[in-house]
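The structure's right below; bear with me while I get my questions together.
All chains are identified by letter, namely A, B, C and D, in their written order; residue positions are counted from 1 within each chain.
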Amino acid sequence: MEIKRTIKYEADRVPGFGREIMSVPGCEALEHCIQCGTCSGVCPLSIYMDYTPRQVMELVRSDFKNEVLQSHTIWLCASCYACTVECPRQIRITDIMYELKQRAIKERVYPRRFPIPVLAEEFTRMVHDHGRISETRLVSRMYLRTRPLAAVGMAGLGLQLLKSGRFSWKQDRIKQREQIARIMEAVDRENGKTEA
Amino acid sequence: MNTASASVPRDWSPRIVAFFCNWCTYTAADLAGVSRLKYAPNVRIIRLMCSGRVDPQFVLDALSRGADGVLIGGCHPGDCHYVEGNYKMLRRYQLLKRMLADLGIEEPRVRLEWISAAEGEKVQRVINEMTEQIKALGPLALPQKFAEWDREVIALARELRARDAAAGPCPDRAAPAQPVEALHA
Amino acid sequence: MKYAYFPGCSLKGTGRAYEESLVPVLRHLGVELQELEDWNCCGATAYMAVDEGKACAAAARNLALAEQTGLRQMLAPCSACYLVLNKAQHYLNEYPAMRQVVGRALQSVGLQCNGDTVVRHPLDVLVNDIGLEAIRQKVTHPLHGLKVAPYYGCQIVRPYATFDDQANPTSMDRLLEALGATVVRWPLKTKCCGGSLTGTLPEAGLRLSYILLKEARKRGADVIATVCPLCQFNLDSYHPQIAARWEPVRLPTVYFSQLMGLAFGLPAEQTVLHRGMVRFHPPPVPAPAGAEKP
Amino acid sequence: MNRPNDIRIGFYVCHCGHNIAAMVDCPAVAQYVGTLPGVVLSRDYKYMCSDPGQELIRQDIREFGLNRVVVASCSPLLHEQTFRSAVEAAGLNPFYFHMVNIREHNSWVHTDRIRATEKARALARAAIERVVHHKPLEIVKVPIHPDVLVVGGGIAGIHAALTLANAGKKVYLVEREPSIGGHMAKFDKTFPTLDCAACILTPKMSEVGSHPNITLWSYSEVVKVDGFVGNYTVQVKRKARYIHEDLCTGCQDCIAHCVYKEPKFEDLFNEGLGKRKPVYIPFPQATPQVVLIDPEVCLNFKRNKNPDGTPIVSDKCKKTCVEACGEKRAIDFTQKDEIREIKVGTILVCTGFKTFDARRVPAYGYGIYPNVYTALEVERLVNASGPTGGEVLLREGKNPDGTPRKPRSIGIIHCVGSRDKKTNLWCSRVCCMYSMKLAHLLKEHTGAEIYNFYIDIRTPGKGYEEFYNKLLEEGTHFIRGRVGEVTDWAMTPEEEGKLVIRVEDTLAGVVRRIPVDMVVLATGLEPQADAPEVRRLFNMSCGGDGWFLERHPKLAPVNTFTDGVFLAGCCQGPKDIPDTVAQAGAAAAEALALIDRGYVEQEPNTAYILEQECSGCKSCLPLCPYTAILFDEGRQKAYINEALCKGCGTCVGSCPSGSIVQKLFEDQEIFSEIAGVLAGEPAPAEPS
């Protein structure tokens, strides 16, 4: 039998993290959470999560930044908004999950080869570079970066898509690509960030 | 009226006189207190039994004595403790507003709000909002303006008198009944 | 009736059957669409996970392009686009600070977003602008006897329920009934299909798709009708994987617009049923209802 | 402005412990006020409202010959009376006193000590300027009509009416429904003692029915209220029940002989679970024991109506009911609604609550899945006199032999329509306890497995936590988690044909799916749908949540802002039966205190007209809602009947010639208050 120590010391907290999240537009209502668990009750993916959405809410509020940003939960959120509309305190849980995903990506604390953040990153890059998404290319890049072997397994699906005329390797792009770049740079400047 | 003059003292903060009815708005302000809601310290509340008691002269008097704004609070329409004193106030308020506009006093400076005894938060919101709006407008400073106008009138009167004196006595023109200086005493 | 039109990336890619069927159906009903000039990706859900300011800005560029058309109403058929554009609109109205940041960013490329474009979903336009009666009149090949499970998915009624009930939307139910189909009542019509997790975490994502297919079949559906390219992809494309993990559930999933095309008697190149991986074979249709002439 | 001579003002600023002193520099305020003209002494003190504080004022009045007193402390609504009495005790007219609110309107709402102190100074200065102009006034005593109106015949109204009647007062009890009893009459048992609700309620109901001092008007509604404390004139609409109450003996032969052999219409007393006939008595113990006829469904009425909304009598029916009634002749199809006018001195409002409409939480499937019930429906199901005779049978699903099925597993969902920003944010206070009571009763009746889904268990009451403990012993499952959804799709074989509850067991930290046969929704309490109209009728206030507002949450919990109108029961906020009865007793006692004193003291803030100033323009006459302003045609002057004047001052504010004076709120008093709040800061520049 292997035993694990689960106690949390005050040093494990990152004081101010909760307040910081709650100051982000859309995340304010978290301070009203009563830990009722409705979010987990309606979440179709809560059954796979290491922390239920309710637990994530409490961990955020209690400044357990590392636990939250390294959790699987935030990556399992499929953005279906069921929790947000059912929450009796009208907490926009989906938006809080987005905020946590952003922090995890920024601080690069997500698990390596974990496909979801990679997908988000590749997605963003493609929008930035081309203005549009070419799904087939996007998904292929994700597989290549995360699970090169699994990509082979998906070849059947690609073939099917090809047959039904839904497979396109061509990169769709907009004409004024520099507009996108400039808009994004302007947002970054405003937020005092430099392009990663 | 050009109020936001360059000479606004740095520590200037608006002074607002509030007339609150005893049954709804005054009680709401009590509730705001009991609930420890925080709001700007710029309002001085005067209690009346009903907003219907607010005489337009109270508003004018307050402004002429240096208030930068006046807030009137009464029960919601239909909820007046005295059946319809608030409606009576509303009618007077509309006339008053027209008059204030003619005087060049900006609309946000005089405000009528229906606030029920349960709406402590509304007291907080209205007072904060109004304080901010008047801060943006700057001081009304009617007393100083009165003084300025007085100076102009007096100067004008002196000038006329001097001209009259130069032109020699005129039997048709009676001397003013009282000195001009007394007009705004 | 004329609307600005934002197709979104999916409708040009794996979800092209949606556009290929929706545009002719709307044209048949007298609706004109003006595709935005040089639109960009709305940002979808993935961008929100990286930077909500930039996600809003990306969406706002499209809103600004829409305003240039002067049409005020914009059709966004893809659920993710519909949600993201609406959400950006909400955020920009709700948070002045964000409105300023995004406004200045757009200004730097000579664009302006006032936030007065109404982003509409085709279901909304069909039921509320065109009306079921007008649709009923165009039906020449009613779908009598066809049992359809209406599947709305998550993002068109959540979190912004603007044109239908959040918990129990009925616009597609009524639309399908107007086409003559029998609507299958099921409690899963707004449940999540798994979204992008079908690709990234198949164990979790595919299970949700499987539950939908299984329950629709159990309640007697011949076909699932959907409004979202990602839902359609998930419910249509992973049958071998689902069969391998749980059980085979060969139930076709089509866009509601494809069923409309069928009921209107539009040609096969406008109903594009061949795009489905689980091919939907419509039941033999009796003589066209409107064709009986003396 | 002319100042009376010999003004000797005493000023006191109260620390109120730290309540004021923490935000206002009290000694500085006292020191400042001490420099103002007319102020003889100025003190700060820890608690002015305490006995020593009051004594300080009395002593100073005697010792320093004060003739005006100003206290800066809390709201005058709280302690004005206290200080007036203190002043009076020292031989000074109490209206030489004025109070400054520097707690509710200052120290509690500000965060900047310097600005708060400055504000306190300005407010104090205003009071000093004002009090100079105060005049000695006499309190007017108005006699009180001893009769009482109690509105609402639930347990609150019943208890209050009996208390008052037993004290010898004449009580009118007006109830909207055909019988008194309210929600409590529908309950099976009461928590935590499990007394049978009917056993404890029906004796009180029949006592009301037979009490010589109580006039019971059921099936009636108050439609108009005029007057003021001590002298209310009330109009009550007695709705037509098509039965002469005084002639009906309650034999119910008419019901037995109705042409409808079987009950066919929705029985609202049983929450629609049972059926009744067009002629019916709401429930066996109904008080009064009088039947009534529903014109919407009775064959003796046409389905269309007269233009005024009254039903049209038809002659289609054989009128077997009239035959059965025979010589008693109690049935009268031509009966009309009737308006009665009564005079009372005090009014008790006990109009109760309504239960939350469970359809507003669609995720729980009420109205979609037949086997989802509301708690009130279950009260009727487990009740021996209910529609099933006390058997818990499911609406949907049969045994193999075709008989209705009993549930073998039941989920009770707490907080439906409570603690939810999308519906009602308040805790309804009774649901935890009644849910546990129903869990106990359902287990007793069916032996089913019972799951309670709760957010927090709230048992603050005598014997309540012990009851919770008892339930735990009985093996009822308690799962801490607000249910996400109730659906009917199965993932596993044991879920087939069941309702499935999906919930996070927050204590175990796992998401669970629990299949059950029956779901009970513990719906919360809400203000009555017509609470806004009732509130206006009686000139009361509502909180933002819609419940009627008490005058003070702690110190005047059964009073309203209208003197002579009292509150009891759930119309003021959710509460259980013990609290309701206690509150009803308190409201009755407050009314009694008023009645037995025999008079009310009226604040002498009435208005009068300076005859020599009045121009006779008559513009004030239509302004007064109490017709207190009259016109003397001979002298062409208006005059005020001060007995009718309520002291709003509306006429004063509107008089073009300035000839009306409101006592306590004279123009000069208010102008000096305005001058006072604006003084002390940069004075207007003098003309050069």
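Going forward, a residue touches a chain if its C-beta (ideal position, glycine included) is under 8 Å from a C-beta of that chain, and two chains touch if they have at least 3 such contacts.
In this text the structure is predicted, and so the values were computed from the model without any measurement.
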| item | value |
| --- | --- |
| Result of counting contacting C-beta pairs for A-D and B-D, higher pair | B-D |
| Centroid spacing, where centroids are CA-atom means, of chain B and chain D in whole angstrom | 38 |
| Distance between the centres, which are taken as Cα means, of chain B and chain A, whole angstrom | 55 |
| Whole-Å gap between the CA centroids of chain A and chain D | 50 |
| Sites on chain D at which at least two other chains make contact | 363 |
| Listing of all chain pairs that touch each other, if any do | A-C, A-D, B-D, C-D |
| Partner chain D, residues of chain B touching it in the complex | 13, 15, 17, 22-24, 26-27, 29-30, 32-34, 36-39, 41, 44-50, 52-55, 57-58, 61-62, 65-67, 78-79, 81-85, 88-89, 92, 116-119, 124, 143-144, 146-147, 150-151, 154, 181, 184 |
| Chain C-touching residues of chain D, taken from the complex the two chains share | 362-363, 487-489, 491 |
| Chain A-touching residues of chain D, taken from the complex the two chains share | 363, 415, 419-422, 455-456, 480-485, 502-506, 509-511 |
| Touch list for chain C against partner chain D, complex | 165, 167-168, 186-188, 211, 215 |
| Chain A to chain D touching residues, read off their complex | 32, 34-43, 46-47, 52, 54-55, 86, 88-90 |
